[in-house]
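In what comes next, chain A is part of two complexes: it sits with chain B in the first one and with chain C in the second one.
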Partner chain A sequence: MEKVNNNPPTIGDRVIQGIRKDPRMVFLALVLIGLIVLMSILAPGRFLTVRNFKNMGFQMAEFGILAIGMSVVIMTGGINLSLVSSSMLGAIVGAYLMRALNQAGTMSDWSIILIGIASILTVSVLCGLVNGFFVAYVGVVPMLVTLGTQTVFNGISLNITRGSGISGFPKVFQKIGSGTLFDIPYTLLIYIVVILIAWYLVQKTPWGVHVYMVGGNEKATRYSGVNTKKVLTLVYVFSAVMAGIAGILMISRYNSAKADYGSSYTMMAIAATVLGGTDINGGSGKVWGTVMAVLILQVLSSGFNIIGINRNITDIVTGLILIAVLSINHFTSKEKIRKSK
Partner chain B sequence: MSQNENVSKPYLRLKNISKTFPGVKALQNIDFDVRLGEVHALIGENGAGKSTLIKILAGVYKPDAGGILEVDGVEYPSLTTKESMHHGIIAIYQDFSLFPTLSVKENIAFSEQMDSKGWLMNWREVEKTARQALDNLGVKGDLNIRANMLSTAKQQLVAIARALVYDAKILIMDEPTSALSSGEVDALFQIVNKLRDQGMGIIFISHKLDELFRISDRMTVLRDGLKIATAPKSEMTRKKLISLMVGREVSDERMLGEGGSDVVLEVKNICKKGNFEDVSFTLKKGEILGITGLVGAGRTETIQALFGLNEPDSGEIWLEGKKISPKSPAEAEKLGIAFVPESRQTEGLILQQNVENNITLPILEKFANKLMRIDFKKRRTRAEELIKQLDVRPNYPHMETSKLSGGNQQKIVIAKWLATNPKILIVDEPTNGIDVGAKTEIHKLLRSLADQGMAVIMVSSELPEILAVSDRVLVMRQGRVSAIVDGADADQELLMSHSVQGGLHGHDKKGQEAHHE
Partner chain C sequence: MKKLTAVFLALMLILAGVSAMAETIVVMPKLVGIPYFNASETGAIEAGKELGIEVIYTGPTTGDAAQQVTMIEDLLIKGIDALAIAPNDPDAVSPALQKAIADNVLVVDWDTPASGDDVKYSIHQIDDKKFGELIWDKLVEAMGTDEGEYAIVTGYLTAANLNTWIKYGTEYAAAKYPNLKLVTDPVASDESAQEAYTQTLALLGAYPNLKGIVGISTPAPIGAAMAVQEKGLQDKVAVVGSSLPKDSSPYLKDGSLDFGILWDPGKLGKLTVYIAHYELNGTPITDGMEIPGVGPITLWEDGKTIIMGDPSVWTAENADQFDF
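So, the complex of A and B:
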């Protein structure tokens, strides 16, 4: 018989328990700390500053939110290549409305912004429904569906803007992307709220559990009486809402909307998802893992920037890290399979 | 048709061949031989060991040590696929193993190109080889058409032609007529006879007794991995063959119940093109209705219709006096219908998830509060209850399901449905790949569920299993209900005769088949 321990677990116990439960998070945390230390040494007095961390806070949010939108899709075994293009389509429609209403000058700034935000989110939800419909109800492979919709959304955006930027929003709108509360960027606060909501939905609700089940085995989940079509559609809508929020932050930060904003984020979001421990085949992964990966990538790019390393080198290093992590994953999971046999 | 019994020595001879899979003895001490110039029929129920035997001949499986495979005078402990092909043993499986998007000539002359040393395809050679092979079969056709554009019968010809290119001495045909019309069967038999007369040995596997008596020279019956008999056709009768296939009449311990009370489910004349036709039956509270028939008889398709996976084209389904037409498993679940699918690995379970996640999947939403938050403690308690109720071992809710034994995995699939408290429980091949002890446990479980008032439908190919628990047995054949009999009156021979085409009575005599309930 095991001895029953009635003492409440100490912090040490909890940490050990946590490490055992999720070694990958510990690994990511160590990498993050290691990178921060490394950058602090390489750029003394420049990396470990309030200004730098504030900057990172501004930059991280839109990418971090997009990465969450990507992660949930990948957890189901799918992928959303139209993530950023739906983000920008929503943003451009919203921007267009805001500019028109602002020029008309009959409404208060706040109502214009509210209408703008509502329209951005509405358009992105519509984009998500389109993706969800084709993936869940028509049954087309997610990669093909979203490759197609990516082109379509982007085409519509270009058509609306004729390739140039839309600006002329109410002044206050800029505040979202560039304002701070006690030196903490609003964007960072929004990111934290989004993380908490996403974590709750994915880790605590039936829908969240269904996401993992569908990712593990869609057929078996459907055969268990779960409406997997609904689950999947909601996944793409959720992803699109994340895109919409990121779109709001982006056009606010740039104070304009343009079809090609954020185009590199799609691939980066996939990278962050995988780096954060989500299996590209679906069925596993955690919101916190993706958040951690976003932090790592942000520290890397900010650090390199401060040290003065060429942006292209940063890309190369990011790519190499990704390949390294995937290779490690591959071998460790092979090990697991071998052991289980 | 020549009866080539005078042919001297067997080309292929198996001595004392056994094959053991973990927990299952698929073949035991088989002696078997095939001569050149004969058609040797291989007969047995599903699971009798025919497929295993073929795969040993083709070099796919390695038999247990101790047996000898003698081919053309050379003795082997086991064959590799290469050795097997080198000796001209070629198997044509049910799916023909063609390359669907390649042309006819590429499929037929595939081996030639594999062997050629050059870098470039010699298309002229490919065409010549393919043409020759088809000519040999007496078939004309377009060589450039893609294989998946051909009818089943023509695809089969391509597969046979390919075997000729491989220089087949022994041709193994696994259920070659299962998807053919009767005209196509005649054409196929002409070719088979031609090949036999040219001196090829043919192993012919089929469930259709009529065909076996038409085409074969000798017959070998397998049952439960044992060879029961080998005899020339002249010494066999249909009746003898059936009794050899099913074995002793005495079945295992029977667990029959009271036979049910009120009608819960009534299926009226449901049809689905290509799946099942005009299927009608009733299901009572507290009974187990066994559904059997040969593979391809439409059993799974029929019960899938009840679970919203295979909507019928016409006909009606009534549940407790209400007409229903479930369009998805989610709808069926809400109606109180539960379904334990045939493949627990791919359809029943999410293997990499833990027991708790699997076992509470259909009832997950019940643990959520108004804020959609799952009460994980409550869920854990319920999972533990279910694990205990069905005695799943080991009893850890957090254990990954892939690590459990087949029997315990099946219990989880059943348990997850019991949690929904269904009116009807449908199980498809519930003991597939499960060891004997766990089998009985599952049978007892089904019986006790029925005794508690659940209506149970059990689909199974294994007649002893059907007889062990069914209060009534519905036999299907080629998409139709061929008989419904009382479990107490049924025996293996009766069920088998209703399952096979022609059955005991030669050809179909629909009028004589009782539909009594």
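So, the complex of A and C:
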């Protein structure tokens, strides 16, 4: 018999409870802390500096937001290979408008930027609707749909730009990607707001519950009276909006838009999602896990760059960590199943 | 496991120790791991040894501008004296290069130009106009006639230098060889010989009267030659382009590739390090200046553009003399 504890839980109890509930997050946190310590030792006086953390804050947001967009799709058992190409399609349309309006010179900078941002998000929503329509209503496998739309979006971008970059935005637009508030990068602040919204939507709303249910068993979810088509469509729209926000940050940081910006982010976003504990088959996963994974990848990337290690080694180490975490997850979840039997 | 960790840590410390030398020059290619940029790495590292300075040759593993920006920002935190960059996109890296300048880092570009305001020197392997024109001259020479259909297989549609050569080449051809007919817009092969091979097969199928293929970017002519070889069209379809001699050699010998036109990327890496080193140490850079292991350079009147020399042409006879 267990003793009934009538005292209110202390902070220590809560932490222990948290660890029991989510050992993966603790493991990720340990990996993160370990990496920070390691990098601080290997790059003394350079890694553990305000400047570097500010730098990482600037860099992390665009990739982190994309990774959240990927995670929510993977939670439904799907995948979004068109993530970055939809991001850039929106960004290019927005960039095109902003440049044209800026050259015309009749509008104030702020209204040009507002129009730019609104058009980027509109294009993103459209891209998401296209993906959602084919996945949810036509019933094509998400990998095929998004592989196709990736090529389509990229093709449209290339057609608009003829392969070159678009620049010439109002000067203030750069501030989004390079400005700070009390020394905290705007991009990091935007990232934090996005994380909170995503966390709320996925973990606290009925839609979020349905996302997991669809990922677990779509048929059963449909027969239990949930409009799974609507849920899925919204998932792809959500993913595309994340891509749009990331696109805004990217073109502000690079002060230009081009069809192939961020092309390496698609696979990295999948890696971050899986590293963060989301099951690639859908049905489980947490926004915080992905956020943690993005932090780990950022520390690894920045740390190795500062030390001056070849990028190929960074890729190899990223891959090894991914495999290690997946193996550990695999065995711990097997244990759980055995225990519950 | 503990032993492994210890070995790993020791290795890292050695790596970290190396970076504590006096003068640090970073040479950043568009991407690492392709033969062209491997060859320039050899040259850059060699120059570093000759000069007794630290040369870090590092770049992204894919040709992504976003990755380059991230790496530049991180390297600035490391603390470096000079940055030589081959930008994947001049606009994208511009804010990062401005940060470097604000940090008192010498910024030059090599292989592919950055925006003029961002760099002290712009190191070019060749005169782009001459290069584009030479490729189209060689195309006509290989076709044996100045009329007929031809196609272009390029690396990325977004690559500025490749587009420049195509622009100069096609403009020149329009004036000098008006009967040369480009059948379609340049086809992208993503800097991959495999993709160039697939695209060329498609082109050969779609345009049976094709007499020539121009491959721009180093893997493109190789992939095109592979397709021509497989179809046994060596005598009907001419292939020329910017390829590395070692890769080209087997295809040059059986006639599937007619001419490879390029420069020595190893020398380019070397030249880049020398220019950065001279500038850091106050040695004046002048027109006609002799660079050890590279030869005399051309400095344009703008005082900024440096040209390494004339392009080289690889043929079945000479391709084996080079080790890149």
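Structural remarks
One rule holds in what follows: the second predicted complex is superposed on the first by the 324 of 341 C-alpha atoms of A that agree within 3 Å, B and C clash if a C-alpha of one lies under 4 Å from a C-alpha of the other, contacts with A are read in each partner's own complex, and residues count from 1 in each chain.
What we mean here is this: a contact is a pair of C-beta atoms (placed from the backbone, for glycine too) under 8 Å apart; a residue touches a chain by one contact, two chains touch by 3 or more.
All values derive from a computational prediction rather than experimental measurement.
A simple residue count on chain A separates chain B from chain C, and the partner touching more is C.
Residue contacts after overlaying the shared chain place A:Phe27 against neither chain B nor chain C. Using the contact criterion defined above for the overlaid structures, shared-chain residue A:Gln174 touches chain C, although it does not reach chain B. Legend: residue contacts after superposition of the two complexes on their common chain; A:Ser256 is shown touching chain C, with no touch to chain B. Contacts of A:Asn217 after superposition: chain B is touched, whereas chain C is not reached.
Using the contact criterion defined above for the overlaid structures, shared-chain residue A:Phe133 touches neither chain B nor chain C, since it reaches no partner. In the superposed pair of complexes, A:Trp199 makes contact with neither chain B nor chain C. Look at A:Tyr96: by the touch rule set out above, it reaches neither chain B nor chain C. Across the interface of their complex, chain A is touched by residues 309, 328-330, 332-334, 339, 341, 346-353, 357, 361-362, 364-365, 367-368, 372-374, 400, 402-403, 416, 420 of chain B. Of all the residues in chain A, the ones that touch chain C in their complex are 38, 42-43, 46-47, 49, 51-52, 55, 58-59, 62, 158, 161-165, 167, 174, 177-178, 250, 253-256, 258-265, 301-302, 305-312, 315. Considering their complex, residues 12-13, 15-16, 18-19, 32-33, 56, 58-67, 69-71, 73-75, 77-79, 89-95, 156-160, 163 of chain C touch chain A.
Against chain B, the residues of chain A that register as touching in their complex are 200-201, 204-207, 209-210, 212-213, 216-217, 219-227, 283-284, 340.
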